[in-house]
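Down below are the structures I want you to see.
There are two complexes below, and they share chain A, which is joined by chain B in the first and by chain C in the second.
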Partner chain A sequence: MKDSLVATTDSKANRLLQIEGLPILAVLLALVVAFMVAAPEVFLGYRIYMSFLATVPPLLVLAVALTLVIAAGEIDLSFPSVIALSGWVLAYCIHELGSPWLGLILALTSGALVGYVNGILIARVGIPSIIATLATQFLWGGLTTVFSQGLSYSLGDVDQLFLWRLLVGRIGPFPVQALWALAVAVALWLVLNRRRFGEHLLFIGDNAKVAEVVGVNVVREKIRMFVLMGVMAAFASVLLTLENKNFFNTQGGGYLLEVMAAVFIGGTSVFGGKASVAGSVVGSFLIGMVEAGLVATGLQGFWVRAVVGIVFLGAVVGHLVIEEPERGRALLRLIGAKVKLGRSTHT
Partner chain B sequence: MKALALTIATIGVATFAVSLTALADEPLGSGITMYFQMGGNPGDGSTLPRTNGARAAAAAYGVKLIEQYSGWQPETMLKHFKEALAASPGCIEIMGHPGNDAFAALVADAEKRGIVVTSGNSPLTKLKDQYTANGFGYAGVDLYEGGKLTAQKMIEYGGLKKGDKALEYGLRAQAERGRSDQGLYDTLKAAGLEVDYIEISPEVDHDSSLAVPILTAYIQKHPDLKAIGTQHGNVTAFIGKALQDAGKKPGEVIVGGIDLSPATIEGLKKGYISVTLDQQLYLQGFLPVTQCVLSKKYGFAGLSTNTGAGVVTPKTIGALTPLIDKGIR
Partner chain C sequence: MTQPAQTIAAAQSWRHIVRLHQVDMTFGRVHALSHVNFEVGRNETVGLLGDNGAGKSTLIKIVSGVLRPTAGKIWVRDAPIDLDDYSVRMAHELRIETVHQGQSLGEKQPLWRNLFVGRQITGRFGFIDVKKEKEIAHQLLRQAIGFRGHGINADSTVRDLSGGERQGIAIARAMYFQADLIVLDEPTTALAVSEVRKVLAFVEGVKAAGHACIYIEHNLAHAHEVSDRLVILDRGKVVGEFAKGEITLTELTKRMIALHEGQPRGHD
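Then we have the complex of A and B:
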């Protein structure tokens, strides 16, 4: 009787762990609770969350889009330059031409163009994605500087535009871009998990040759995937530029490692074939809030970055322990912890 | 026949005269190639006016200018110097960030080969003392003094007093560049303020919009905060936004920063930024090219110019805006 009760409890726990993104969400919630305890004056108020909801969306949009690319066993390193290029296109149209809607369309088109070029280089020409997108990162970043003549633009009165209110305005204190980011995440989750295109990407990531043999048009699907990544990077750039009310010539430069960290912390496999959009969403918030959280606890000076590293490592280990107890146990055995997990306690 | 000979002779004399005139009109720096370390990334707010200044001077003197951008990475500056040496140019301008010791052997090699080396933005005092006679000059702010001046103006402008809470958000981990942050920090401390310090991460260093939630969290954690200081140009641009997100009104927290990006100007106009150190970056581009030409051509010794003599406040920003829009100020 006791054994059957334990088995039932275990099976319920396993079912819970099967829910996409739940283990990393548990880690995030634990972190938020820790911040609430350590810095209640900040984390029990609403303002810090509104700040996160205003600043995390570009990171989130990039992370969920990159999740699809990594699911297919590829990588895109050019998106920081798309943030600069599309941001310039938007800012130029607003600042010089007074046409925000044209700016939006051309910004998204520029992202699609970058993605299409990446797709052709990778899927048709056969250049490895890490090399092709590294090269296009330099190319588009450099061209942005040429186009902008190195100038940054202040978009001072942009908040008077309907486009601004539509994309990054506020409903009370709530930043609208958080809703857009959520919509993008839901759409891309559906694409990955409910559409043939997503199925094909996972198949390609698992084994591209087998995918081709069974009739998947690998070249076409990869090009579509990079175009989607380019458009999403451009959309992230639009959100960032409008939220900042400024175009910075170097914008996007700090996002590369943060976005990749958000994707991998979220549980997407670096080898392709396995991906979690929900995990990337949670990973984005984790990455986007950890440094601010630590600063709010009173951590200062040169220690902040080191502790950020420790928290990341803790998040990865915590995720591993919750999602894959066997590997978690092995890790804990390795570091000599006498902690018993799961079934090992039922001897 | 005689007429033909006369015509040829006339043409010859005229050609010679034109050649002489052309020689006399030849720009002073004609034939000189100069490698120039610009500092950050092409076009960023802390680099563009320097680039424009150097380009303007190069065009005026007829110097062939080779621009090098390091993203403020000291190791890249050293690499660029080695690349410049390999090309044997007439002059090289270096940034002081890697420090005297790191540059010593490289500069010695350049000097031995007759290349004029000069410095900008961050001083290399030891090397300058050693090679001044050969044209080793400095165009830039005395970093520590620049930070000190910013802090003094923050205190003066905001009426800061002993016991007031302040935050310094800087790059003190970078030996040379961090000296301006150190100057700001020391001056606030010396005035009796209670100063916290947070180091800027590399991600924020590259894309300063990432500083917003960090600063927002800090500001909320410390409701008694009276002042924020930084010597990072792009971070300066985002402090106003963090203050807004944290629910602060313009002037409620005194902000001292550096440089004049469009966003910083906006912050000054709205009153979120109280003072910003004007390094006059254009001069940091123009003067080293002038130094190069004068030293290479006529053997003049190195000149030292402190380009950061003052701060800009909400009251003084108006007149500078058109020049800032052109990337000159």
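Then we have the complex of A and C:
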């Protein structure tokens, strides 16, 4: 009787912790509250949040797409170059050809193509994804610089276009790209958790041999996955380029580590087979908010990376404790032992 | 040449679920199998014995569609198979399932996904019917496998299971999908004694439920106990075949030791 009572409360607490993205959402909310206390004049108004909703979407789209790649036990380092390449394609079509829709289509197509090449190199030729996509990152990034002759495009009057209003316009103060990012997140959550394709990715990441034995076409699914990643990176690039009303050939360079941090903060396993799209959404906001938040609270900008590091480490340890209680306990024992050691040396 | 569904429907009165005739398999200059004749009858449990490198793995890989033999013929349910078409997927469609030691389940995935992966139940728009999959998984865990009161449910991950229980899940999956032939590749290797008993019970359950089974085993006592027929392979050849009761465990053991020690190995 008593046992069962304990068991049920235990499982309730466990269930709460197991809800996708909830623990990290608590961290995000705590951070927001901390910012509210430290800089009430900024964080109690709505403007700062509208600003986040305008700037976080490209990061969010990338993080959510990369979540699927990491779920399958692979990595894609080439997406920063897709942001450059697709951005150039879009800017060129708008600026030189005057056809934004063609630009959108070609931008997404170029992303798909980069992804397809990655997929062939990795799944068919058998080059490890970290190597293949590192190489293609150089290739496409370099080619973008060649195509653009190192020039930037200023797209000052792009906000007159219907495409601009559709993708990054404002409803009152509300940035439309936040809705697109939400749509992408919901769609990719469904793909990962409710489609055969997503389940296949999870099994491939878990154990590729098992996936093959149960009849998953590993090569085909991996190629599809990298194409999806390429298209999503291109879409992120479109949002970024339109929002900035500007293209420059190194845009996207800063995204690589931020996106990976967002994914891992969100609880996706670096070993594959386990991934949280919701976690990556929250992780993206965490990463996207820390900088503006710290600056607003009066801390120097120098602190940003250090604070991200602390949040990152805390999140990773937290996920370990929740998801693998045994390793978590081992870690706590380690800390416990350290604490005792500290005391005993004092006495 | 054959639509699997038609083959199954057309051959209701087959004698052998699978039959291999004069099958050769060479890897470069190595003869893994030479002139092997091998068959498995309806609802028959065949124990496959042999030393490492005897060709057991090669044989079952041919049966399960992983490897294409260099020469020979294969019949499934007494109907000839076009070897150019034969693959893992085709074997699945012909309801031949293989449970590979330690390589049949996704460790981090919940049991319900493991039971249905590759054959998901999907709704109208191609979305996985999670509720239905979980319900069936739940029933399967209760009834077919008899997991009760372990705190194991459809949402448990494979990690939470013992080695024997994992084999049980993999075998239950094959039975649920109505496999006529279940190939068990060393299901008791690396298991604790109590776990081995569970797996042997599962193997006997396969027979009781009307399925045929190829059972690869290093432990002669286990193979002798559960098999209807024992087939001994040595260096790619069938060197012995015994129906249940034709050979005692002691004789079998002597024979295997003689094979192991008697002849010098590797002259090819």
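Points worth noting:
Criterion: the second predicted complex is superposed on the first by the 294 of 347 C-alpha atoms of A that agree within 3 Å, B and C clash if a C-alpha of one lies under 4 Å from a C-alpha of the other, contacts with A are read in each partner's own complex, and residues count from 1 in each chain.
In this section, a contact is a pair of C-beta atoms (placed from the backbone, for glycine too) under 8 Å apart; a residue touches a chain by one contact, two chains touch by 3 or more.
Keep in mind that what you see is a predicted model, and the values were worked out from it rather than measured.
By the touch criterion stated above, A:L77 is placed in contact with neither chain B nor chain C.
Of the two partner chains placed by superposition, A:L320 touches none, neither chain B nor chain C.
Looking at the shared chain after the overlay, A:F302 reaches chain B, while chain C stays out of its contact range.
One of chain B and chain C touches more residues of chain A, and that partner is B.
Of the two partner chains placed around the shared chain by superposition, neither chain B nor chain C is touched by A:L62.
Contact with chain B, but none with chain C, is seen for A:E291 once the two complexes are overlaid on the shared chain. In the superposed model, A:L239 makes contact with neither chain B nor chain C.
Residue contacts after overlaying the shared chain place A:A112 against neither chain B nor chain C.
Legend: residue contacts after superposition of the two complexes on their common chain; A:M50 is shown touching chain B, with no touch to chain C. Interface residues of chain A facing chain C in the complex, by the touch rule stated above, are 190, 194-196, 199-200, 202-203, 206-207, 209-216, 269, 273-274. Chain A makes touch with chain B in their complex at residues 39, 41-42, 45, 47-48, 50-52, 54-55, 142, 145, 148-154, 156, 240, 243-246, 248-255, 257-258, 288-289, 291-293, 295-296, 298, 300-302, 304-305, 308. Per the touch definition, chain C reaches chain A in the complex via residues 88-89, 92, 98, 100, 103-109, 113, 117-120, 122, 126-128, 130. Considering their complex, residues 40-45, 47-48, 51, 172-173, 196-199, 201-210, 212-214, 216-218, 220-221, 223, 234, 237-238, 241-242, 245-247, 261-263, 265-266, 325, 327 of chain B touch chain A.
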